[in-house]
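To start, I am sharing the structure in question, which I have written as structure tokens.
Going by the order they are written in, the chains are A, B and C; count residues from 1 in each one.
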Amino acid sequence: MLNAERAPVTGKRVQLMATCLCDAFYDDVAAATVEVLEHLGVEVIFPEGQTCCGQPAFNGGDWVASRKVVRHTVKTFAGDEPVVVPSGSCAAMMFHGAVLEFENESDLPEVEALGRRTWELGDFIVNGLGVKTWPGKFAATVALHRACHTRGTGSIAAANLLLKSIVGVQVVEFGEVEQCCGFGGTFSVAFPNISTAMGALKLDHLRAAKPDILVSPDMSCMMHLTGLAAKEGQPIKAMHLAQVLRDALKAQ
Amino acid sequence: MTAPDDRESILSRVRGALAPLHERAPLPDYSTEIAVMRSLVAGRDLVELLGERMKRVNGLALTEVAALVAHLRAGGWLHGYCDPVLWPRLAPHFGAELKVETEFDRTRVDDYAFGITRAAGAIAESGTLILHDATTSRRLAALTPWVHVAVVERAQIFSDLPQAVAALGRDPNVIWCTGPSKTADVEGILIEGVHGPGQQIALVLG
Amino acid sequence: MRFQQFDQFAAELKADTRAAVYDGSKKGHEKRTKLLFDEYPDPNRLRHLAGEIKQHVIENLDTYLPAVEAKMKANGVQVHWAGTAEAANEAVLRIMRARGATKLVKAKTMVSEETELAAFLEKHGIEALETDLGEFIVQIDGDHPSHIVKPIIHKNRREIAQSFEREGLGAYNDDPATITQRARKFLRHKYLVADVGLTGANFVSAESGRMVLVTNEGNSRFCLAATKCHIAMIGIEKIVPRDYDLALFLNLLARSATAQELTVYTEFISGPKSPVQPDGPEVMHVIFVDNGRTEVLASTCREILRCIRCGACLNVCPVYRQASGHAYRSVYPGPVGAVLSPLLMGDKFPQKADLPKASSLCGACNEVCPVNIPIPDLLLRLRNRAKEENVPSPGTPPMGAWALLASQPLAWRASLLGGKLIDYVPTKLIPVPALQAWAAKRALPAWRGGEFRKWLKARRK
């Protein structure tokens, strides 16, 4: 389903798309992304004018509003460096969602071009840069959440590969891994009962596997699951993939 | 009998809907081999494989008439129907205990505990029996009794689905039967013998 | 309306109904997946291929439909065309009246559910009996199916036993085997006195005009063994190009629908019975039904016409599992229904424009679809259509102001700093009810607006 074809990576300079969730809540995930990329010898450019990928309006059906934001994003991320995003859903928005909503627009080629150079972080490290192992140490049992927007991409395999290569990390499987956490953006607002029930089910499966940490390649699922768990009075510890990679480096 | 305008208006709407397409999706070129469970089928004796695969769907393959007779006796299925063409071949093995009619009376469907008809073939890969209008003496006789026995000639067993599709032929009605009639409508629990037979048996001869 | 009706329905669902739907669909999905991946090195290739074949068909219906018609006529089939549900029902009635027929037995066909054929015929004095066990139970209960292949997934055995008792089919007994035997005993004599057997078709081969019908129970075979007249109601999208393609589709359908390698009865019908065969229809009618399909074909969602009605997308769907099929208020529930049902409404699209929103867009449906329909993309297109047609949608925040903010970097950065307020607003005071419900169940992380940019600036110095 996804237009997941990527232009091969040449050079060691990328633009960072930090995402609105990092801008507002998860500053440490963006910081970890910078540190991880710099560790790999990659120069990170942060286009200051960036805002959001346009996904909320796209999913909500307001494509006029969404296209306005995407056009801003296309302008902001001009150039030909790869664009790296610590979020599977924002990456998918760029290489799939935006392409869909620009189908009949004259600036479709520009949108497609940005899509072809946009990468989710783990996918970029493994499939873009060809890095297959991760140094350092991180002593924890982790469960890797399959963020839905990574379906059909290399992201989950990449995250698994990196996590399993870290000394001290033990990856545990849990039930119904392919099922959604129930977030779905505006879905969780308009369908709060179903969304909550889906999240509770995911939490049940996760807790049964008894990981120390839930690792996610996407902040939105993480926000949903930790938010639900906290309100239940049984908080779970969650980290973004970038944070685990960064912390592993620190323990080198 | 048809209101003629519906045909034209539907086709015209179809043409109108497709007109804006710059190109039409092509028919992909492929081999049905990709839909065959080749590792299962390759190099196997087809009678043996048919038996295995039928067992998997709770069917039963027998190779001797005596075994069939014993099975019917053991199950208490003592009254049934047999295709008149088959009967001379089978009769010597059927004792007096079993009552067999060679005329099927649809007003007495509940009287027949078993029905023996000819199959036009079988598919080993799926454990399937193939019935044709031309060779199955009565559609009802193969459907309404609790036990259906289809007599298959050894040489008529296809290895896989694509082979059997290629051999569909000109009979206006071909039906593949893969195990007994079944349902899981009530709480997902498998129950056999819904409208058709609760036992599907292949008698492989020749 | 504060909330989506769909979400309310799910919230009010009886616990045992939800459990039945959840367990049934989860089991179905798991068995399907195991079977496909155990038997084929690359089952995804099969799905993609089947999708390409069906896409080819729907984009060439203008040539395939007349071709099929010609083949069928040459095979001795009488072909009719019905633009609407009413026309399709009328066609059945006309055929029956012309024969002086008063009793019809029908196999499970989704298109006849669309047209509400059984109710229509009953109104015109014709006995129209559902013979699929699940559909029969739905019929005696005056209920609606809630799943495409498991119509009574929402019912338990106790409810069914009560219905049987009420209908005089025997004293209360909730053993599924007993229930099935009672239906067998009752229905077999109904088939034998019926005048007409009505079925749908799972596939129609354009090359041969052969239609293919699959059932597990054998009820469609019984319809075609006991009656003298066969009427098949067929959606115009049911075509496959050649007999050759059937092996692929039959393999995929059985595995996707019921996790079987092959459905028990697979019937290939190219015309009335053979003259040498005593049982079966002497006359065969096919009614090709549009009922909104040409409008779907003209839309940007035409891929949904690839659907082979297997129900795999329902089984995997986390929303379907929570809400059950009746939440969709349509013949087609689940992800496929969320696309198809509003489209089939035609001008009345707004009445079901909420269905495409009842999805977290997780994409699991696309991953299991045997014809690889990009369901999430189609849901998104329909959300966009709903917005363009200004259909009100509870719980969907307006995006105009947000888009303005997100395309002006200075304003964006200012709001990152101002967003801190969110930490101090108590849940009860959130002005949007749906957001309130959201926040009642989920803690938001602490606001850290602008912190990353600050950090990066300091690091770069």
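Everything below uses one rule, namely that contacts are C-beta pairs under 8 Å (C-beta built on N, C-alpha and C of every residue); 3 or more make two chains touch, one makes a residue touch a chain.
As the structure is a computational prediction, the values presented were derived from the model and not from experiment.
Taken as a graph of touching chains, this assembly forms an open line, each chain in contact only with its neighbours along the path.
Chain centres defined as mean CA positions place C nearest to the mean of all protein CA atoms. Annotation: 28 Å between the Cα-based centres of chain B and chain C. Centroids of chain A and chain B (each the mean of its C-alpha atoms) stand 52 Å apart.
Centroids built from CA atoms put chain C at 32 Å from chain A. Listed for chain A are no residues, as none touches two or more other chains. Looking at chain C, no residue sits in touch with two or more other chains. Contact residues of chain A toward chain C in the complex are 1, 18, 20, 22-28, 30-31, 34, 46, 48-52, 54, 56-66, 68-69, 71-72, 76, 97, 100-101, 148-149, 151-152, 176, 178-180, 182-199, 201, 223-224, 226-228, 230-231. Taken together, the chain C residues at the contact with chain A in this complex read 3-4, 6-8, 10-11, 26, 316, 318-319, 322-323, 357-364, 366-367, 374, 376-377, 380-387, 393-400, 402-407, 409, 412, 416, 419, 432, 434-435, 437-438, 440-453, 455-456, 459. Contacts from chain B toward chain C in the complex involve residues 1-3, 6-7, 9-11, 13-18, 21, 24-28, 30, 32, 34-37, 40, 57, 106, 109-110, 126, 128, 132-134, 136-140, 143-144, 160-162, 165-166, 168, 171-189, 191, 193-197. Against chain B, the residues of chain C that register as touching in their complex are 20, 23-24, 27-28, 39-40, 45-46, 49, 52-53, 55-56, 59-62, 65-66, 75-76, 78-83, 87, 91, 94-95, 98, 131-134, 137, 150-153, 156-157, 160, 176-177, 179-181, 183-184, 187-188, 191-192, 208, 210, 216-219, 221-222, 224-226, 236, 241, 243-244, 246-248, 250-252, 258, 260-274, 276-280, 288, 290, 294-295, 297-298, 302.
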